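Both of the next two complexes hold chain A, though its partner changes from chain B to chain C.
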Partner chain A sequence: MHISDGVLPVSVTLGGYAVSAALAAWSARRTTSDQLPKVAVVTSAFFVASLVHIPLGPTSAHLLLPGLAGALLGPVAFIAIGLGLLLQCLLFQFGGLTALGANALMMGLPAIACGWLFQALKGNTHMRHAAAGAAAGATGTAMAAVFLAGFLAAGGEDFFGVAKIAMAAHVPVIVIEGAVSALTIGFLFRVKPELLETGLVTPKKESHD
Partner chain B sequence: MTEIIHHIPLWYLPLLVILPITALWAGVAGLRRTARRKTAADRDPDWSVPPLADEKQGGSFLHKWDVRCKIVTILIFSFVVASLDHLAAALAAVVISLSVAVMIRVPAARLMLRLLALAGFLGMLLVVMPFTVPPHSGDTLVVFGGVEWLTLNFRGLLLAATIAARAVAIAMLMEPLLSTAPLPVTLHGLCRLGVPEMAAQMVLLSNRYVHVFSHEARRMSAGMQVRGFRKRTDTATLRTVANFLGMLFVRSFERTERVFDAMRARGYQGRFPEPVKLRLCASDLFICLAWLTVAAALVVWDRIIL
Partner chain C sequence: MMRTSAIIFVLLVLLAAAPGPTCAQSPGETDCKAVTELLEKQNRQLSAELRQVRREIAALGARMDEPGIREVFAGIGYILGLFGAAALVAARRKG
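Let's turn to the complex of A and B:
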């Protein structure tokens, strides 16, 4: 769930912009600049993937995918997520213009953390990869829920109740997200394992020169 | 504690709370379906053309306005609106945004889609906040049938309504901001304001490929449906969706390599050509000044008079 405009105090939104700009710059430094167009194209794939809805009893939940983005992209995932949110702002009718920085932090920081987590946990076997994928997917969404609650609670004690309920609403999504991430990582391990080695965009790769 | 407490029987709860919520929910669902249907016609067939480049209609002051002034003014106005404290001021901001949207003839269905995208989050706030805001002195509380934890606080309702008004006012400005100039021009304006050029290029590229990949995803899901796949709440669905995502990533990562090679082959060296030459004139600054004066007036009204 993303935060809409007008919820957060202005100081928090401006701070969110400042911190996420700094993080995006850091994230861009982790790759060579001519790889950035590739990040843009990959972002669109994640954007399309996040539109997939999974039925959940009478309703459905859409995937957030911070864990999977982190696992596949590494530190560049932060740029990808910021870009994805900006696109959502442009195309997808969900505004959040003033809350863009906070939303990017909410999803981007878990993505970076999950990238590290995934690289640390994945072994050489199919099972280890799937387990690491499950851990990354579930942790990513759980962290995003905690950030969401934290940002909401920044509005003062009036928002504590909303923050608690928003966090509780994420519990089923965490389970689904973990399961789907595990299965997707398992699929990629069988089909195209090199994607899981370094991700697509690394400074080391020199296939185009 | 000096709250004003009204005790009313428990059977009022369905009448006063559950019924309005259900009606609102049904209304939003209905409107969403109508708006989807109305915009589906011009959204679906030609997926290769980014829909934001709306050059056919033009001629309002916002279309002619210098894109840098437009971005700066609307951004500042959005932050001003986000900082308003009172419901009346926020509603005034909604009126201003709505009149701008009407002035430049934004299609009603597109405006509606933007607002409906907010409905989930704002609806949650409107339902949850009245019951969770802690009581302060001077609040009006309604206790349903003596059940202590089921206390409706009007201050929470007011707070949620203010938030909703601010969000709606800002969301309605997105169409005037984005659909009155082609996306490359808007991004060029952003670059001239100091945003790194690479960021603008990335937005352009990913905007283009969102359409390509969503077309691909639609083809894949059509194939899955032909083979008899239906979404249900079970592990088989999860497994199939995960494989679908994996395949989408494999295909798109391979495509990314080819796209990048093709760009290199055409001489891409990290720059796109400039779409337009921007020139600032006095009338641009005048509109800028007029709009910001309105914003300042709103703040003064909100903070000092109200």
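Let's turn to the complex of A and C:
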């Protein structure tokens, strides 16, 4: 799910860049230094996940992982996704450099929303965590498809037509993402539950001395 | 008079019998057809092979467009490097 160069009108391109720059700055300000290794690992995972192709009959789709990134990072996910998309764009020629702002919004906003969703749903048990992870993973991809339709509608396409196609193409991805996120979060809950605490609750003020 | 017409007649017969480049005449006809058939057959074979080679080239081009292991590691390296630099700056600021 990437928007290519020249699909969007200039106003949407510039608006996308402006909004995603603001969100990236907000996201970067929320990052604490002890979170950096985790952010780096999730960014790498997000960057590589797009190469995991799932063959589906004649076509294939690839993992997107905005939901998992959001669940693991919370608001910081936006900067992880922006950086991952920038490198995918430069190294893999996925999407276009001019559409990067819109692409970052398309993936980053669902990630932030899924971060909130995950924090709201996760309880204290292993099962609740896995279920919340599944919900976040599935919702992230579904929301990204809706955002894609919204951006393409700005480019003059019919919103519901594109939304239907994007949803239909991503139903298997939504299911697989839900399963992958549930497994990952279930595993992390068992081995390192403190990784699942995101910076959503305002982190304790660090002493600067 | 009779002589010249006889010579012309003989010449005409000779011309008609000569194996010319056209396939209309009877003695060379079978040969010519066989050669044409052979050529057409070879032509068909060659164009089939050429199509296959074209297809292979297209597949190769498509595969070359896909990112390989080098791009993957380059990207991971960039990410870790950038976050390493960020951690360095954060640590400097703190210390």
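Quick note on the criterion: the second predicted complex is superposed on the first by the 167 of 209 C-alpha atoms of A that agree within 3 Å, B and C clash if a C-alpha of one lies under 4 Å from a C-alpha of the other, contacts with A are read in each partner's own complex, and residues count from 1 in each chain.
One rule holds in what follows: a contact is a pair of C-beta atoms (placed from the backbone, for glycine too) under 8 Å apart; a residue touches a chain by one contact, two chains touch by 3 or more.
None of the values given here were measured: they were computed from a predicted structure.
When the shared chain is aligned, chain B comes close enough to touch A:L195, but chain C does not.
Of the two partner chains, chain B is the only one that A:H2 touches; chain C does not reach it.
By the touch criterion stated above, A:A131 is placed in contact with neither chain B nor chain C. In the superposition on chain A, contact is made by A:T43 with both chain B and chain C. By the touch criterion stated above, A:V146 is placed in contact with neither chain B nor chain C. For chain A, the partner touching the most residues, choosing from chain B and chain C, is B.
Applying the stated contact rule after C-alpha superposition, one finds that A:I176 touches chain B and leaves chain C untouched. Across the two superposed structures, the residue set of chain A contacted by chain B and also by chain C is 33, 36-37, 39-40, 43-44, 47-48, 51, 83-84, 87, 91-93, 208.
Within the complex formed with chain C, the chain A residues making contact are 33, 36-37, 39-40, 43-44, 47-48, 51, 83-84, 87-88, 91-93, 206, 208.
Across the complex, chain A meets chain B through its residues 1-8, 10, 13-14, 28, 33-34, 36-45, 47-49, 51-57, 60, 63, 68, 72, 79, 83-84, 86-87, 89-95, 97-98, 157-162, 164-166, 176, 179-184, 186-188, 191-192, 195, 200, 207-208.
Per the touch definition, chain C reaches chain A in the complex via residues 65, 67, 71-72, 74-76, 78-80, 82-84, 86-87, 90-91, 93-94. Within the complex formed with chain A, the residues of chain B that make contact are 51-52, 75, 78-79, 81-83, 90, 110, 113-114, 116-118, 120-122, 124-125, 128-129, 131-134, 155-156, 159, 162-167, 169-171, 173-174, 178, 183, 198, 201-210, 212-214, 216-217, 231-233, 235, 237-239, 241-250, 252-253, 255-257, 259-261, 263-264, 268, 270.
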